[in-house]
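Chain nomenclature is as follows: A, B, C, D and E, assigned in order of appearance, with residue numbering initiated at 1 for each chain independently.
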Amino acid sequence: QAKVQFFPSLTGRTGPVAPNATPFANGYADYMKLVNARGGINGVQTLVEECETAYATDRGVECYERLKGKHGGATVFQPLSTGITFALTEKIPNDKIPMITSGYGRSDSQDGGVFKWNFPLIGHYWVAGDTVLQHIAKKEGGWDKLKGKKIAVVYHDSPFGKELLPIIQERQKMHGFEVQLLPVPAPGVEQKAIWLQVRQQRPDFVIMQTWGVMTATALKEAIATGYPREKMFGTWWSGAEPDLKDVGAAAKGYSAVMMQHGAEPQAAVVKEILDKVHAKGQGTGPKDEVGQVLYMRGVVGAMLAVEGVRAAQERFGKGKVMTGEQARWGYENLDLTQAKLDALGFKGVMRPVSTSCFNHMGSAWARVHTWDGAKFTWASDWLQADEQLIKPMVKASAEKYAAEKKLTRRAPADCQS
Amino acid sequence: MSAPLLNVNGIEVIYNHVILVLKGVSLQVPEGGVVALLGGNGAGKTTTLRAVSNLLAGERGEVTKGSIELRGERIEKLSTSAMVERGVIQVMEGRHCFAHLSIEENLMTGAYTRKDGKGAINATLEKVYNYFPRLKTRRGSQAAYTSGGEQQMCAIGRALMANPKMVLLDEPSMGLAPQIVEEVFEIVKDLNQREKVTFLLAEQNTHMALRYADHGYILESGRIVMEGAAKDLRENEDVKEFYLGMGGGDRKSFKDVKSYKRRKRWLS
Amino acid sequence: MSERRIGEVILDVKNISLRFGGVKALTDISFNVREHEVRAIIGPNGAGKSSMLNCINGVYSPQEGQITFRGKTFSHMNSRQVAEMGVARTFQNLALFKGMSVLDNIMSGRNLKMKSNLFQQAIRFGAAEREEGEHREFVEKIIDFLEIQAYRKTPVGRLPYGLQKRVDLGRALAMEPQVLLLDEPMAGMNVEEKRDMSRFILDVNDEYGTTIVLIEHDMGVVMDISDRVVVLDYGKKIGDGTPEAVRANPEVISAYLGAGH
Amino acid sequence: MLYRENGQFKTSYRADQQVFPITQDRVAILALLAFAVLAVPVLADEYLFRAILIPFLILSLAALGLNILVGYCGQISLGTGAFMAVGAYAAYNFFVRIEGMPLIVALLLGGLCATVVGVFFGIPSLRIKGLYLAVATLAAQFFVDWAFLRISWFTNNSPSGSVSVSNLSFFGISINTPHEKYLFCLGIVVLFAWLAKNLVRGHIGREWMAIRDMDVAAAVIGIRPVYAKLTAFAVSSFIVGVAGGLWGFVHLGSWEPAAFSIDRSFQLLFMIIIGGLGSIMGCFFGAAFIVILPIFLNRALPAVGDLFGVEISTAAVAHSELMIFGALIVFFLIKEPHGLARLWSTAKEKMRLWPFPH
Amino acid sequence: MGFFIETVIGGLMSGMLYSLVALGFVLIFKASGVFNFAQGAMVLFAALAMARFAEWFPALLGLDNKLIGNLLAFAGAMVVMVAVAWLIERLVLSKLVNQEGITLLMATLGIAYFLDGFGQTLFGSAIYKIDVGLPKDPLFLLESVFQGGVLVNKEDLYAAGIAAALVIALSVFFQYTSTGRALRAVADDHQAAQSIGIPLNRIWVIVWSVAGFVALVAGMIWGSKLGVQFSLSLVALKALPVVILGGLTSVPGAIIGGLIIGVGEKVSEVYLGPTLGGGIEIWFGYVLVLFVLLVRPQGLFGEKIIDRV
């Protein structure tokens, strides 16, 4: 019997965020197929089984329970929902299954000393917040130019949206700009009042932490109130094709910070997927979606999930199926050098990722892209979130969590296991 | 007797899949006749009328056996509105006025199925107001805020508005003042004689019913236990005793009934 | 028949006027009811009979006038206060609790007398259960009395009309009222059933000494069982007196009885 | 054994007033309980516990609370999610802010806080009725959700507004494994179901039902609408609050206001309608229908697909699940508009008549 | 001042859009006593049909006139909605005659689930576009009076006009025709209405078709604002307080309720929001409704709730 490594996939193919969550799930599935076409992880085939959460926490929990023990045990979960992440964070230590939450979930889970099983690989909300501010500052000509400026933050009124705020407030203290918080009640189909306030206050910039239909609505209202799109900056869940396609040319000039990758139609891995998966009629979604922003995020997520297992195999036995616990070690000891990434087909898409016991993020790089009316183009260089700033915030928050839960911080010795 | 207008043939009715209420009821109503359906509380009079007008479905009841024919046509499967189109209309027990509509609007909805134009409808409206002057004075008030008797008149008037060929009257006298009761029966007589309207009349006021009907059926626990020409029934000793309150010849005072004397059961 | 001692005035209605917008339901009505008597109210449809009862038990508040009950005078009381003073009633358009069984409907009439609190009821052992049992016994007597044993557990909505009327009466009786207001209790009954009902009413009146105020359209019943009769016509009182006197009153004849009676 | 009540004569009213007057019923329910306590822990796997049984039990409890208000007292509420949230967040605050607070006490205090909020939002019911009231209670839903997001004190100043608990125990017995959680929930649910049953067959229950069926008549026989409605709100929100606490503490472990969103309120309302308004049993039927059926469909559909050799995509499964679920709701309502509990009792009635058709 | 006017106008426009959805609720409730939970799903379903037809028809027929394409799509979607109405009557309502309101409400919920699943199966669950050529650019009025002028959204303006026209037509229909009267009778008492020969099945097909039409118009306008996708069905939640404020049975009430809620929501969010931390519009409408109901339990224009023994 062929050896298989099971990667569960919690999808949001229906419900309020379906247009955004579907490409992610497709990318995830396609990359896994590609891995198999390449011969698996040292010969171990990957297996994906999906479970539909419709972006609802309780359904997510049910899916987790359903999939965690299947096919020899789940390797790693990627719930694609902050709510589900919060709920699973309480469950995974008992079940000994790691969870990757690239770009969402708990920012403080970067601290592997407290969150042994969580991996916000390559970025979390605070990285997004910091880099988007850096980008704005750069455009203005330096942090000092932000003093006295007014920045409005339009955010999803939920933990997902609120997680962004601490970093903005931290930066606000440092640089003396003014922040106007504008929460948008979910699902965000009605934002007139928000944008009227924007029109009245005339902030110099608007940062958007939105998701799903909320992003498109925000853009449309901005257009309707005449707020310039050039001054609007989304975080990485607020700048993908489904959000902008419908608005089209009118959204020209809108930018969003990207968790390293953006839309990557030229990347080698994309070509390979088209070749080895889609050309064989095994593509999961429509062909033209391959290489789009959220599709790529699924691909990157899958790649990280696979590479963790590969790393674990180095230690626990090449060509063996890894348990969740072993895979966790892999994620904690990821060392994806540029060369390795390039070889995997991620040249120009990603920068090196290297995790450790106390750093479960492994990389804090981002870029900003801008909508030109039909597609995204890069608008910034690589930006790196300020670790000096973020580390203490992560630590403080993680400590608070540990205290509430009466957890003790992992001893360095524990890092060896 | 010529072929009956309505022929109910051994029907059985079950409510809610389990409660058997009619256990084989058969009756005939001749064209242009006035037939009374008598019987105590819970005998199944209302159920019989509902079966004829096809209002059982809403009560989760169904006819499980037997047949009902109107002018020879099987009608168990028709909808109530189809029955109204064939000129058969029921005045429901317990009034059932449209609470939010005014008295006049209530009456006008009665004419919903009519196609003979505004003038004719208005004429009927006038006729109904003539029958029940009280309704005219209260024409503008919401039905819910009229007295019980006024609602009863409204329900009867509403049915008359449809210009029916046959009326199924379920306890028309309930809650009406004696004068009005008399009047209602006069209306029945009047319509029957002048417009040849056929009546099937479920009544507790046996006295009145048998005075105005040509024929009567007595229903008990879901079975017809006696039938006959109205005048024969009036003379029947049992009917006299139990339905007319005149056992032994004269009317007994309500005060003097000493014990609860149980009615003689014909069956069961 | 035992000698029924008609007592003092227990309920005194003075100059009651009630209007709904333009409709004058009652105009300056006064009458009284003596302890232990059977008092009938008659009148054509829409005369204001039901409204009168509604004023007495606090469902409507009359614009003018007062009601004195056992020496206590009020122009408006809420229904509960009236109930506490011992007035019960039945309704013209059945007002039973449709979703409840016959037993529960009648038990609910005992509510005022049940004292156990929420916690005792939740636990149910002891006080609450004992109380429930005691009242159940009383209610069973009423059920026997009304001969509806077979329907105890049936939801009232499924009962035929006539039995529902009986349950309505049962619920009122369960309150052990001093004064019982009956709004057309015999509508929709045949002669035999009316006889039974008359018997019930007279028995209640006899055995418990309950005072009865009765609205009824069946003249036979009214004439036979009532001690005194009030006649209303379009909100005005047009007659008051013994059945015989009322029956002879020409105004009453023309307004209500019609030639036949 | 035939299902009959013939031959089972009651010699006292007390015997007649039992919850299950028919012996067969009593035996069946005891057997069911024994099965739930003794056999299920042995038979069920972790998935069944965590994903199905525990949420089923907790939501049954919440439905029970709601049914008291809607089914028994006739006051339609769409604010259930809010009262659950109050229960959960209040319990959370008692639990983390007071050192050594026992779980069960925290949950009950959470229930009490929900009671207070419930009674407050119940006051309008004295004037507002029916669907109007239902929408008015949505004010509670939205306001409470908003408050828990906005007022960071409630969430112990967590930046995201999400809170979590762990290391639960009950008088020294840990309740962290699915097993223990299940038994803990089962205990609470059975206890509350019993208390609730006692209430609804006591005179307070009759007051509620009287108000539901006809409030004017209820007033005339001396029932105070104010008292009846507010006690219903109080009892209901207490139970709902405890259920909210359990949902947060035992089922999710970590939650945000979205766990008690308007969807939850609707879901609970649907449970009691489909299960049977005014029926304790109905809450369980309803919860089973609404919790388990979608999961069942979700799992069964791909299997059915396999049978025919077609692979059904996740989205197609989800969509078919919605369609079948919707169709089944309609189907059962047509079969029995008063809910599954009534369907069940009609079936029993038929069984009683068997083998004679009527 | 200019800004205040702008906020009020913005509120009025939003309110008008809420009314459009609210109207569907009112129609069905008024005509059959059913609180139609599926209204949101119907809006989504209609919009999905229209969006997809606007893509498919021109492609099929080789058309490229946008107007004709849209008209065809609209007509096609209308046909679909009539079919839906017919099926709902046949399969659901006709079997639930004379049942309590809450049972019917639950049944409409079943319908809502079904339509959600069915719509997405037929038409897909990605985000689709309805482009009926409503202008999207802002319009500035009174620029001479206030600095920056008063901003009005042209798209909203058109939408408001359409909504107003619909409402007037429907009010007239209900108040002055005999079918309107029959519809109100049905809402009061199914059985009595049946007993006098009102054909419930036909009435219901008509009403649900009209409601389908309203849903289609609402779906078209909201869809062209938001894009057509699942979230569209959630606008129903915005319409709930509107329905109740105006009164469940009043067509004009839906409009006035919408305007009040729209304005109240926007003004409160803009002026009170910042002090309370924002996001208050989600509950403002409901709390407002709560207070209004305390004074008028039947909403502003609803029929008085009858309470009589």
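We adopt the following convention: contacts are C-beta pairs under 8 Å (C-beta built on N, C-alpha and C of every residue); 3 or more make two chains touch, one makes a residue touch a chain.
Quantities reported herein were computed from a predicted structural model and do not represent experimental measurements.
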Any chain in contact with chain A as well as chain D: E
Shortest contact path, chain B to chain E, counted in steps: 1
Chain nearest the global centroid, as defined over all protein CA atoms shown: D
Comparison of D-E and A-E by number of C-beta pairs in contact, larger one: D-E
Distance between chain centroids, defined by C-alpha means - chain B, chain D (Å): 46
Centroid distance [mean C-alpha coordinates] between chain C and chain B, Å: 28
Distance from the mean Cα position of chain C to that of chain A, given in whole angstrom: 74
Sites on chain B at which at least two other chains make contact: 19, 145
Junction residues of chain A - those touching two or more other chains: 13-14, 18, 22, 157, 183, 185
Residue list for chain D, restricted to those that touch at least two other chains: 146, 149, 214, 216-217, 220, 315, 318-319, 322, 337
Touching residues (chain side chain B, partner chain C) in the complex: 15, 19, 38-43, 46, 93-95, 134, 138, 141, 145-150, 152-153, 171, 174-182, 204-207, 242-245, 251-255, 257, 259-260, 263
Contact footprint of chain B on chain D as seen in their complex: 337, 346, 349-350, 353, 358
Interface residues, chain E side, partner chain A - complex: 3, 6-7, 10-11, 13-14, 120, 125-127, 129, 136-138, 151, 153, 155-156, 222, 225-227, 229-232, 234-235, 238, 265-266, 269-270, 273-274, 277-279, 281-282
Parts of chain C lying in touch with chain B, wherever the complex brings them together: 20, 23, 43-47, 50, 92-94, 147, 158-163, 184, 187-196, 198-199, 202, 217-221, 224-225, 256-258, 260-261
Chain E contact footprint on chain A (complex, rising order): 13-16, 18-19, 22, 157, 180-185, 187-190, 192-194, 196-197, 199-200, 212-213, 216-217, 220, 223-226, 242, 245-246, 250
